[in-house]
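You will see chain A twice below: alongside chain B first, and alongside chain C after that.
Right, the complex of A and B next:
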């Protein structure tokens, strides 16, 4: 790669200028990462794509079968519902956590981070079983209410959508806290101080300075939670009810039980397309915000 | 002798028999996946070892000691235990031409599905001579190994006699036997149970009247609070007082009782299913694998298995005389009109269609 590739920088925003002039010498350093991604991601993905079009010869049968099945549309709807609900709740709960941690001093922050990281390090299977113990009929929550307040909580907290949400949000919150916290810590404190000096109330400082500056991080966190939750299947299977079936569960069925890898591949590609579309929408939000 | 996976793959160049990139890629994956297993096997080389894939847990530990290790010693091979038979993994190994699993313990629907997909080595009945003594039909590429059975699970502390259902029509009778109910989230065994509940005689179940089964399931659906995905939950949900009555397996209940759990099974009208064994197509050690299958059906091994693992049953005639009195007391008699026997052949032909309908049925209403 030569430097001549780098043309004159168009007069534009600083942000765009940074993107338009990459240092091609340094690009070599990313070669190992690119090779790794190609070997373990791009090539397998291409194989999945081929498999989705191949059943004793080229065919679109898999896609036709999927688009024509009511089962798929029902499951896709559930998947999108669960994905969006879980992402939204995680963001709503994760943001205050990130904000709180950003206000702490170094030692306090380290301790707080451990609490965020603990669930992040725990296996999703273990967490799901733990939630059955905590939220179940004879679980800690219901028993405490019974013994302390002699109050019988009607309705279940697990094996329905509530259980799925608790499990998913618990899993997703660290992925919201990290990017948002990173952003909040990187914000120059002078901006807030300046706003205060100019007579803004604390509330105004938050909504008109801190929050606005953190929107890119919120979008990044949303993208992460959407991608992660659209492919989830353990949590709904263990904590959900009979209606909480995800597309990933259907892929699992075609892969392991029906052994119809053409259908499984076609479903995977469709799921990828759906999550790609969601990410695209999110990136539009991000761009709209920048200009 | 240390086995070198790279050397081996060069010696048997799979690329000559394989086509395009997908297969070559899968070969690579299989080699990468298999490497740890080979390293873990220590001194055993491919030529004199067998990998047995079972469902793990205390059960596999027990039958490894009771039958697998003694039989391997007789045959003169090293036997390595692996866990979690999975048809997708098997298919990947067979298509890649690099088979790491030799013998697998499978459910009926799995075994016959794999047989149809040509993932299994046809049984060499000139070696597996003990198969002539089987009480169940033989298949081209898989063999019955042992029986297990299910009934209605409950907690005797919460439900004294008369307060729990003992038959499937009673399980469906939510007025006479109030309580939270659970069933498996898969159609096999559950469709049978639904038909039994609707009044079909245990011996007249097959071919299953699928429409009638779903109509019967429609009636119980509002009262099922949990559709169980994992077998362990059939026991743990009763223990944690999450549900009152469900479909459980005798073996699981006995194991839980041994650990002190308050759980019981009403199995006067059991549904008996078969666990099968099969050999992966393309195994490097076909003869030893067939010898091991033959050993598993030998009367002494059949009896030792069932005596050592309460809640299971024999599949050969000659083993009956060697069973302990305690086992004989609980063992269902397959000829009894109260005993329903899962028909693997029916499921092999119908599983896919019925499974999709069942999944759809779960989602609606």
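Right, the complex of A and C next:
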């Protein structure tokens, strides 16, 4: 229905023309998605917000109870610790991998990407099961140490913080590699060549050109890892111990065991606020960097 | 995953890979694939004891999986949910991706944020919302509730993949169709959709896999009657750590591998 307009047009038909314009018509293609997300995403989130303020009438009790409980503060600390440590380690391991892949030729890169994509697409339950086997008492790591070095590693490696960190880092590395690799591949190689010709050492080329240009991607990767890990539920439940409970596990406890929806909802809103704040801070860093 | 115009002749003298970098990358690669490589040999063990390296060779654990009524039922449930969720997320995601790429209307920036919200909000918060919402609507524990939850969860992924595909298509072809008298709707169905068919297929495969493996939403929404495979696995790991898990894990790894290779090939073809 595209109409070509020639000459002066009366105001009444201008509005019609606007409605008939391809931009306007194409915008209608958003309708199914908007409906679905409004009905099955926005309403549920609104319900969580309302539920967090409701317990036989409007109340802030849920929030007061949470802020006053030592259990909550301990769990929030654990959550932030795991989130930040896992994000940092994943970035430290993901960056060299992205850099390595960016230096390969097309075929080699496609093969190397399978090593990143396969874990990315592997079920978190498959990974959790595998890590229980790898890190367990009769697991590969302990058995190798026993047989090769006849060294008995004291202490457990799973169902505690070590297990959680191994699982989390494994889960997060691909999310670090993707944005950083995209950034490195998009950098014009001429810049590096120019720096080299101007007498920079390879170390200088990396730190003063490549790395600086990749900072926005590092920030994007950090934002992604923070959002992903702050709400993590399966890894601490399966690979952690009792003291590695995270906020998501506490929400689950209030919903399904304590049947206190008000507390569960208030916790969810606080989790949302914390993750929103972290994303906001990281996006500020990103913007500041660009100006 | 990504390509550049300068893709071919990158390995110049500047870009020689140093040995320490090779070692670090190699170790991380080994760490990344270790879980997949561990479960495969274990799945052919002839004992129920969980150990590595496994002893003997047999198909026992696979037989146990296919003969277990609960395992089979949960696999069927996951297949139904993933199929339904994929259909819905494509029906919503493909058109909105088209609108986002081709419509220059001012409001589209808001629409973009709106459809991407499900990946910005922690899944646990969304899952709790769905749990309370569906309980109020009286459809909690149903297969439909799982399909709806997973469909919304998958929309952003579908949109991202389809947008990438649409960016490769020359918009003048659509203009030509419209000049020749096709409506916007007709252009979308007979011109645009065929051109991005492989992106849609890739998005559908990814969506299927995400839903098939999804745990958190399913943990809140499924009932004993609608238990999905990941939920069955979750409780199995929590309570008994049964050896059958290695057979299931191997099959799931195989599914991931196939979908990941096919998906990447489909997107490469388009690029």
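In the analysis below, the second predicted complex is superposed on the first by the 251 of 291 C-alpha atoms of A that agree within 3 Å, B and C clash if a C-alpha of one lies under 4 Å from a C-alpha of the other, contacts with A are read in each partner's own complex, and residues count from 1 in each chain.
In this section, contacts are C-beta pairs under 8 Å (C-beta built on N, C-alpha and C of every residue); 3 or more make two chains touch, one makes a residue touch a chain.
Because the structure is predicted, anything quoted here is derived from the model rather than measured.
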| item | value |
| --- | --- |
| Joint occupancy of chain A by chain B and chain C, clash or fit | clash |
| Partner chain in contact with A:74 - chain B first, chain C second, else both or neither | first |
| First, second, both or neither for A:245, with chain B first and chain C second | first |
| First (chain B), second (chain C), both or neither touched by A:155 | neither |
| Partner chain(s) touched by A:199 [first = chain B, second = chain C, both, neither] | neither |
| Chain B versus chain C as contact partner of A:57, first or second or both or neither | neither |
| Which superposed partner A:253 touches (first chain B, second chain C, both, neither) | first |
| Which of chain B and chain C A:36 touches, first, second, both or neither | second |
| Chain B versus chain C as contact partner of A:44, first or second or both or neither | both |
| More chain A residues in contact - chain B or chain C | C |
| Partner chain in contact with A:138 - chain B first, chain C second, else both or neither | both |
| Overlapping segment of chain B (options 3-11, 39-47, 93-101 or 147-155) - the one that collides with chain C in the superposed model | 93-101 |
| Contacts on chain A seen with chain B and repeated with chain C across the two complexes | 43-44, 47, 51, 132-133, 136, 138, 237-238, 255, 261 |
| Chain A-facing residues of chain C, complex | 1-4, 6-8, 10-12, 14-17, 21-22, 24-25, 28-29, 31-36, 38-39, 42, 50-52, 88, 91-93, 95-96, 98-100, 102-105, 107-108, 111, 114-115, 117-126, 128-133, 136, 148-149, 151-152, 155, 159, 178-179, 183-184, 188, 209, 213, 215-216, 219-220, 230, 233-234, 237-238, 241, 245-246, 249, 252-253, 256-257, 259-261, 264 |
| Parts of chain B lying in touch with chain A, wherever the complex brings them together | 21-22, 25, 86-88, 91, 113, 117, 185, 224-227, 229-230, 240-242, 351-352, 355-356, 359-360, 362-364 |
| In the complex, chain A residues that touch chain C | 1-2, 22-37, 40-41, 43-45, 47-48, 51, 93-94, 96-97, 99-106, 110, 112-134, 136, 138-140, 143, 170, 173-174, 178, 181-182, 185-186, 188-189, 192-193, 196, 202, 205, 227, 230-231, 233-234, 237-238, 247-248, 251-252, 255, 261, 264-265, 268-269, 271-272, 275, 279 |
| Residue numbers on chain A that touch chain B, as the complex places them | 43-44, 47, 50-51, 70-71, 74-75, 78, 132-133, 136-138, 156, 159, 237-238, 241-243, 245, 250, 253, 255-261 |
